[in-house]
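Chains here go by letter, A, B, C and D, matching the order in which they are written, and residues are numbered from 1 within each.
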Amino acid sequence: MNAGLGDPVPLRAEKVSFSRGGRVIVQEASFSVRAGELLAVAGRNGAGKSTLMALLSGLLMPSSGSVSLHGKPLTAWKEAELRRKIGCIFQHPEHQFVTDTVYDELAYSLRLQHFSETEVDNRVRSLLAQFRLEGRERYSPFSLSQGQKRRLSVAAMMSDERQILLCDEPTYGQDAYAAKELMSGLRARADMGLAVVVITHDMEFVQEYADRVVVINNGSVDYDGPPGSLWSSPEQFLKERGLIPPIAAQMLQALEGERAC
Amino acid sequence: MKKSIFQFNTRTVVTIGIGAALYGATSFIGIPVGPDTSLRPAIALLAIFGALFGPVVGFIAGLIGHVLNDLLTSGTVWWGWALGSGITAAFMGLIYLAKGFDPQNGSFKGKHIGLFIVYGIVGIVLSLLFSGWFDIAFMGEPSDKLVVQVTAASISNIIVFLVLGVPAVIGFAKRNAKTSHLSVNE
Amino acid sequence: MLNVQSGKIGSPKRSFLQLEHLNPAMKGLTVILCVLPLSLAFDPVTVAAALALTVLVTWLFGNIPWKRWLLLFSPFLILAFGCFWTAALFPREPIGPDSELLWSVGAVRVTQEACWIALSLSLRALLFSALSLLFMLTTDPVKLMLSLMQQCKLPPKLAYGILAGFRFLPLFREELSIMQKAHRVRGAGRIRRTPRSLLQALKRYGIPLLAGAIRKSERTAVAMISRGFTGSGRRDFYTRVPVTWKDGVFMALMLAIVAIGYGLSYALGTLRWYNGEL
Amino acid sequence: MAAGERQPDRSPVLVADRISLRLDEDQTEPVLSSVSLTLHERELTLLLGPGGCGKSSLTLCLNGIYPHAVESEVTGCVKIFGKTLDGEHPGETAQIVGIVFQDPDSQFCMLTVEQELAFCLENVSCPREEIGERIDDALRLVQLSDCRDRLIHELSGGQKQRVAIAAALALRPKVLLLDEPTSNLDPASARQLAERIHAIRRLLPVTTLLIEHHLDPWMEYVDRLVVMDHQGTVQYEGDPGHFFESRDAEAESAGIWLPRAVGLHRELSRSAGMTEGGDPPEAGSAPPPLSIRDLIRR
């Protein structure tokens, strides 16, 4: 399956809408995910980011509009193939665990790919080290600390070379180390030519790591462009979307304001 | 860590609530295998709740679950059968008192399996006899029909217990054996 | 009670006796009070009259779309139908020799009495399910528990425990869909809907679901405690579920239905008492 | 920083004395070993520590969940207003010590938002006439007034977290334990919450313990700082400003977030050749001073 590997725009959402229980959660959202790019998604609580991610990954069906992968609508893809291409990290790490131990959790998708047991062991060990979960391999995923759960759920998805990775708030609850490591891990994936989508509330990270940012408000796309120019949009605009520019951008604006006077 | 069976804290009560709700809800499901008899997977739940939380929790969960189900399906409670559900669970829960038995921490040995099966079968037969007797004594049901009913129900319940209940408890114990970090080394 | 998921019971339609707004404990008591005398009757007329009136009450005063009601009632209908034919063809009771033969094919004989009994049996089953549907479809479990605590003095500790259990039932569906999604994103694929894979599904989801429920029961208990729950009896309930004159009217109405049923069959001379027939 | 204005003689409200915690009989290393800390009246104490060091477990010890509601092995003692928790029903302790758990997904016991809050208030024997109002207040505080009748499990992550905060505040506890209350909130709401908690603290005598990785919204309100290390022991207890000024290297190596302003300051000063203690940049090959604009571009 090599078709479309060089595709610069692997995933595209076109006028996607979704409603549930009579409430429109996502309305007519259109944007594209590009290869080699780290796309940040931001927006208020309850704006519809997580729902949008579920739509992009094909776990939910849009009530209108379509999502297409390599130009082919998601519904036309075979389930197994789709999952090999799109990885997905849920907002609640516990929702993603399918096995009883940390070790098995990391080995799960490796085993599905029929790696030899020694190969699996090697890879799992290196993941354990990379995500600082050593000594926890026999624990149940549910008895980890919240931050460890988050790292485990990310690690389990990183173990695959999926072309598109959708992450819902991958860094929350992490200490400085872990968060930076996670983000640079994701950045490295993007630099390798893969597509990464990160939902986050951390504007410093958006500033530092993202190539492009999409702002969701009330279920529709409000802004789509580089982070730098987002900060220079009117204050009212940012305020309504619950965004606070990173501290450096704030200072820059303050300086420029002074210069203008 | 196993707790005393008479400890009644909020957690026990919530467990009873869940057990009862699950038992009540799954009691609707039955695969009819003959006149007046059906394989009720719900019996397996009694085995699980009894084994994991002891006879007292099992008894109350079974009783309340049965009463709820009766109320929802027919509006009348067949107390004999409701108590019977509780007694079944209580007998299955006797295994909880066995030494070294602790499926929540993955400790479930061969001799426990044997014991569990014995307790379960005895419990099923005894409770059905009790329900039958209760019906004859208090509800004025004719006795000849009940003999057939009790025998058929015993057989079908024992089948469910052996095919679903016992493996489920073993599955639980296995699952937890791996998760509790040190007991794997034994 | 099947409405837990939607969370809302009793929308715009208003009638004088809104079943959804009645006191659940009183409603339950009324249903039981109806079932008790009706379980003594064993003739199609009493039962059919009561059944028809119960259904009428459900439709008039309950706010249930009739399609939904039919959907939920249909399994009972099918069951009753099957029950009718088996009882008619293979009567368990000794049939009086003087009973009129309706028709026969070879050894299979259908007598009038057997038919009569079969009709009573199946109608009885329908009546009890209609009564319990009336209760189930119009009762919010939270309100039921509140009313059990307020009217029947059920200890809050037990009531909230059961309520927590009830809360889990609709959540199980949610949990199952979450688990299915988890398996899907992890690449395990979907399980097709064939009988054979049912066992596979049971293995994949059954024990984890139960394990999840048990884990959640601990967390729920911790959550209840950390919200200050001690289980002591004194509470000033925010939502009061009062008993009003409407509950009395409803009880009277339902008892009248029973009386009408009995009266009718007495007038027609068909009244017969139940004797443990099956 | 508020340190200067602090009255020195605030009385201790919650004292934890050499707490050790094991969750399993046969666990080799304990989750917490000999943790002592004191919360003073009306102060906001910030608890920092690397991931998995036992911060959340500590909060559960402070309100008596460990060992009174969940079996576990706890040594040492916790005193609230001079009284130990032993023999007390953990539910009663919870009425004094309110908590917001870290996991927003599994800390609710009712179906809808309103029922959840009403359940809390009924537990503290709040008279019925007041409950409605207090629910309103609590929801307004977390900007969730329009979600009053929603089912909790259908809310988004951030909305659930707000419900949890509202529930804890509705109890009007004397001591409030906040375990990463803003981790799922959008930036503006996080800042707003910090401000509101501060405002509440001026109105009510509530003593707060805060666990948070992202310090920015909270920094100006923090009175005291407690830092834990990987092994589950307390490393530093005292003035926050002092810690970030003098021991920031230590903090960084332990994986503790610095407030972003501190980080920016350090980066700027480093690039301007003012690195304290470090080797000064070589005269000839010194990079041009990094401007804020450069920082943004990177």
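One rule holds in what follows: a residue touches a chain if its C-beta (ideal position, glycine included) is under 8 Å from a C-beta of that chain, and two chains touch if they have at least 3 such contacts.
Since we're looking at a predicted model, the values are computed, not measured.
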item: B-C or A-C, whichever has more C-beta pairs in contact; value: B-C
item: From chain D, the most remote chain by mean C-alpha position; value: C
item: Between chain B and chain C, centroid-to-centroid distance (C-alpha), Å; value: 23
item: Where chain A and chain B are represented by their mean Cα positions, the distance between them in whole Å; value: 45
item: Between chain D and chain C, distance of the C-alpha-averaged centres to the nearest whole Å; value: 48
item: Multi-chain contact sites of chain C, meaning residues that touch two or more partners; value: 160, 163-164, 216, 218, 220-222, 224-225, 229, 231
item: Residues of chain A touching at least two other chains; value: 95, 143
item: Set of chain D residues in contact with two or more other chains; value: 69-70, 91, 106
item: Interface residues, chain A side, partner chain D - complex; value: 21, 42-46, 50, 91-92, 94-95, 132, 143-148, 151, 169, 172-179, 201-204, 207-208, 228, 239, 242-244, 246-249, 251-252, 255
item: Footprint of chain C on chain B - complex, ascending; value: 9-11, 13-22, 25, 36, 48, 52, 64, 71-76, 140-142, 145, 168, 171-172, 175
item: In the complex with chain D, residue positions of chain B that touch it; value: 1, 3, 9-11, 180-183
item: Touch list for chain D against partner chain A, complex; value: 23, 49-52, 54, 56-57, 102-106, 154-159, 162, 180, 183-191, 213-214, 216, 252, 255-258, 260-261, 264, 292-293, 295-298
item: Residues on chain C engaged by chain B in the complex (per definition of touch); value: 1, 28, 31-32, 34-36, 39, 92, 128-129, 131-132, 135-136, 157-158, 160-166, 168-169, 206-207, 210-211, 213-214, 216-218, 220-222, 224-225, 229, 231, 276, 278
